[in-house]
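Next come the structures, one after another.
Both complexes shown next keep chain A, but they swap its partner, so chain B is in the first and chain C is in the second.
The block that comes next holds the complex of A and B.
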């Protein structure tokens, strides 16, 4: 076990000084922050419009309608989309690099002529991945929460912070999954670049292609702004209407559910209230509705941990040296 | 306790249908600086990889410092040091951090003190805090030797240690290898193409041809046995061509 700690510490030190990783993370932070700032500006405009309307109505002796559903965590929609697309791509690159640089610099031979345990190398790499993403995701969500509070001038309740923490935990599992998938593929291929190409193909299918197919098949997406909204069909009638297309909707849902990205998005959007039907809904109810998404994401992440642990062994790595 | 640092019997290594080593039998006594010579593809690196437990042999047996590479690979790894060709190390870490990492992995008891000692041995003080990404090839090789002897190995394996070094770098490395052997009693097993260096550094040589050991003797006996040849290069070429004079 001590060897795992030694390998993990080395990896963390190495990663913390990597200019390429630092640049990727700064870029990711910047685009997420920018997306929150844009959403915050929009949020402030809507809030100001409502306040002006309410003040004017009160001055005229009337009573304004209740405030619109301005749920501040909805500001994170674009940020979460960046995380699921750009963030996962960075996670792939990080995971690939963990093995590729060892293969490319002949340090594997140095490591494996030391008395290391069979899984020490994999253990060190996995532990480092888990810690790196824990720190990065925690920092990202702390910045995002600050941006919502300061730029959005929103007030967050205790439960909102809990929702943010749950979203962060999902993001953590999601990034670990992508990094360890890339690490596994880089270990299993003689040329790590081949592993990277395979990982990118999977990334393309899971992150872009499958969700796009699901979105294209969604009847509500056939008209800009939403088919049901444009036809002035409310949520209840929309549900009643869709019961006539249950088989189609089940098929569409199945396609989407094969994508870990979609599982991540559904769960996180629900907890953050980005999806209107989960807005202001208690956490227990959100869990009841989306637990299968969270559990699938968790299962996929655990599967990649197991795959990385079993594939990144001395035997595999030495057999697959370039 | 055997007097042989390395003993290999009938080693065979096959990659798919290709035979890299064909019944290689080899003995290297303790205290030698042994140079393994051979054309490209003769099986030199495969031999080192098998003896350092990086590769399992297809058949045959071998022991290093009395430990069997098949049945006691972990014990073999405790008594060997290894420097592969063109090793890069971790460029984002300093020399001290790289050495500390390998010392900790090797279970060195007092790593900081041992690092100071090995840097003195390889005559490389004053660079501990420098990132290895800034090191020249010669500096990397010295650092490589330092990492290889951190845990006081009985046998040191070097794969083309002087490849790509300038003449001064070659001379420095030669002196380090000789000092390790004479002062610390380390048996050195090196692959090399530089026959001039072999004459200056090694005490004995072996020549591989098509995966078999076709010649082995001490340097002095080799030079005496081929009176018509002026250099080890000529001797090597005549042996490798299968026409010893």
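The block that comes next holds the complex of A and C.
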């Protein structure tokens, strides 16, 4: 156990000194901050348009509808999407780097001359990954909360902080999954670059291609502004209508569910109220509706922890090139 | 054999041996083939939803998909070009220059009477030709799958538009090839040689459009154009600045016009000019900034 701690400390020290990792994280924070600023600006533009419309209507003797509400956590939609796309890419880079740097600098041979336990090396790397992402995600969500409060000029209630904490926990599991997947592949392949190749192809398919297929198959996404809006069909009738196409929707949903990114997105969007049907809904009700998404994400993350633990051994790491 | 012919031949032979481009190529061609069938499934469902809505008396609006052209089925291909082919272009470009540095063949090549800029231009030509071949194959796959999905071959005019789509795609992808090549020349390690251009790609494709239109990153994966941004205040200013730099959105807008998307407006000239501007600027940047760093040592 002590050797796991030593290896973990060494890894954390290396990561804290890595300029590339620091730059990537600053970049991610900046992108999230920017997305909140843009969402706040977008809200203000819509509010200004509403005010102009309401003034004109009042002048004509009419009574306008209530102004659009600002739900602060909904401003995080783009930020969360950046975490799921760009953040996962950085997680792949971090995980791959944990093994690639050892293979590249030939420190593996030296390391394994020591009497290390069979899984001590993997244990140290996994523990370091878990700690690094815990710290980074905590910092990122602190930036998120500050951005909403200061840049978005919104107020957060106690319940909102809890929702942010739940979103942060999902993000933590999501990043660990990607880093450990890349670490596993870099360990299993004789040349680490081949591991990076596989990890990037998987990233492309899981993060971009599968969600794109599901999104494109959605009938409502076939017309700008939404099919049902263009047909002037309200939400209740839309739902009733779609029951006739249950098998198509099930197929589309199945395609989306094969992507861990979609599982992450659905759960986090629900807790933050980004999806209208979950906005201001109590946390218990959100859990009832999306627990399968959270549990799938957790299962996938645990699976990658197990895969990294079992694959990152002396035998696989020191295999010679054919 | 001239420098041009030898280098072009070497580029095409060496690229065929690389595993990452092969993986990405398989994913790209598979998705180009699937795109027509995804479009067909979506169209069939929308038509059925509309008919059901009319039958239940829920709408009197006209069917938005009444007269749909076979070009509709190529819309998803545009997204796969932005996502997969752009990454493929980056990887082919980066591997092209990293290969020389890793094996130190660049020292040998430049010991001959070969001007570095000419050598780089020949490498770019080889990679560009390879990409052209890949896109030609993708165009044929796309045409064949559209024919299967619709039950009839596209007319010559429609076929020409699909070929034009892949022609514009080549213009769109070359800047990513040069980005990969340039970074492959200047990076310290092979990993950063691949990753830095991928980060730049993610900025161009996902972040710049947000600044100009407040479009959410995932919505950019949908080929259907979103509503136009507000024409006043903050977004008027930001879209004026970031709009021309949003290469992916320019490509989407131009190809939507080529594919006669009924929702697209304006003319294709503006987008084409931006794509051409990027094309020439990227080639120039490679030939100006590349030669001075070609013999740098690669650390890992």
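As a working rule, the second predicted complex is superposed on the first by the 293 of 322 C-alpha atoms of A that agree within 3 Å, B and C clash if a C-alpha of one lies under 4 Å from a C-alpha of the other, contacts with A are read in each partner's own complex, and residues count from 1 in each chain.
Convention: a contact is a pair of C-beta atoms (placed from the backbone, for glycine too) under 8 Å apart; a residue touches a chain by one contact, two chains touch by 3 or more.
In this text the structure is predicted, and so the values were computed from the model without any measurement.
Taken together in the superposed arrangement on chain A, chain B and chain C fit without clashing. Look at A:51: by the touch rule set out above, it reaches neither chain B nor chain C.
In the superposition on chain A, contact of A:208 is made with chain C only, not with chain B. When both complexes are overlaid on chain A, the residue A:17 reaches chain B alone and has no touch with chain C.
When both complexes are overlaid on chain A, the residue A:114 reaches chain B alone and has no touch with chain C.
In the superposition on chain A, contact is made by A:93 with chain C only, not with chain B.
Once chain A of one complex is fitted onto chain A of the other, the partner contacts of A:277 are absent, as it touches neither chain B nor chain C. After overlaying the two complexes on the shared chain, residue contacts for A:225 are found with chain C alone; chain B is out of touch. In the superposed pair of complexes, A:250 makes contact with neither chain B nor chain C.
Measured by the number of chain A residues touched, the leading partner among chain B and chain C is C.
Contacts of A:6 after superposition: chain B is touched, whereas chain C is not reached.
Once you line the two complexes up on chain A, you'll see the smallest CA to CA distance from chain B to chain C is 11 Å.
The residues of chain A shared by its contacts with chain B and with chain C are 104-105. Put simply, chain A touches chain B in their complex at residues 2-3, 6-7, 10, 13-14, 17-18, 104-107, 109-116, 318.
Those residues of chain A whose C-beta lies close enough to touch chain C in the complex are 20, 24, 27, 31, 34-35, 38-39, 41-42, 44-45, 48-49, 77-78, 81-82, 84-86, 89, 93, 96-97, 100-101, 104-105, 193-194, 196-198, 200-201, 204-205, 208-209, 211-213, 215-219, 221-225, 227, 230-233, 237, 241-242, 244-245, 248, 265.
Within the complex formed with chain A, the residues of chain B that make contact are 52-55, 74, 77-78, 80-82, 84-93, 97, 101-102, 104-107, 147. Those residues of chain C that touch chain A in the shared complex are 19-20, 23-24, 27, 31, 34, 38-39, 41-43, 45-46, 48-50, 52-53, 56, 58-59, 61, 64-65, 76, 79-80, 83-84, 87, 189-192, 194-195, 198-199, 202, 206-207, 210-211, 214, 216-218, 221-227, 230, 232-235, 263, 300.
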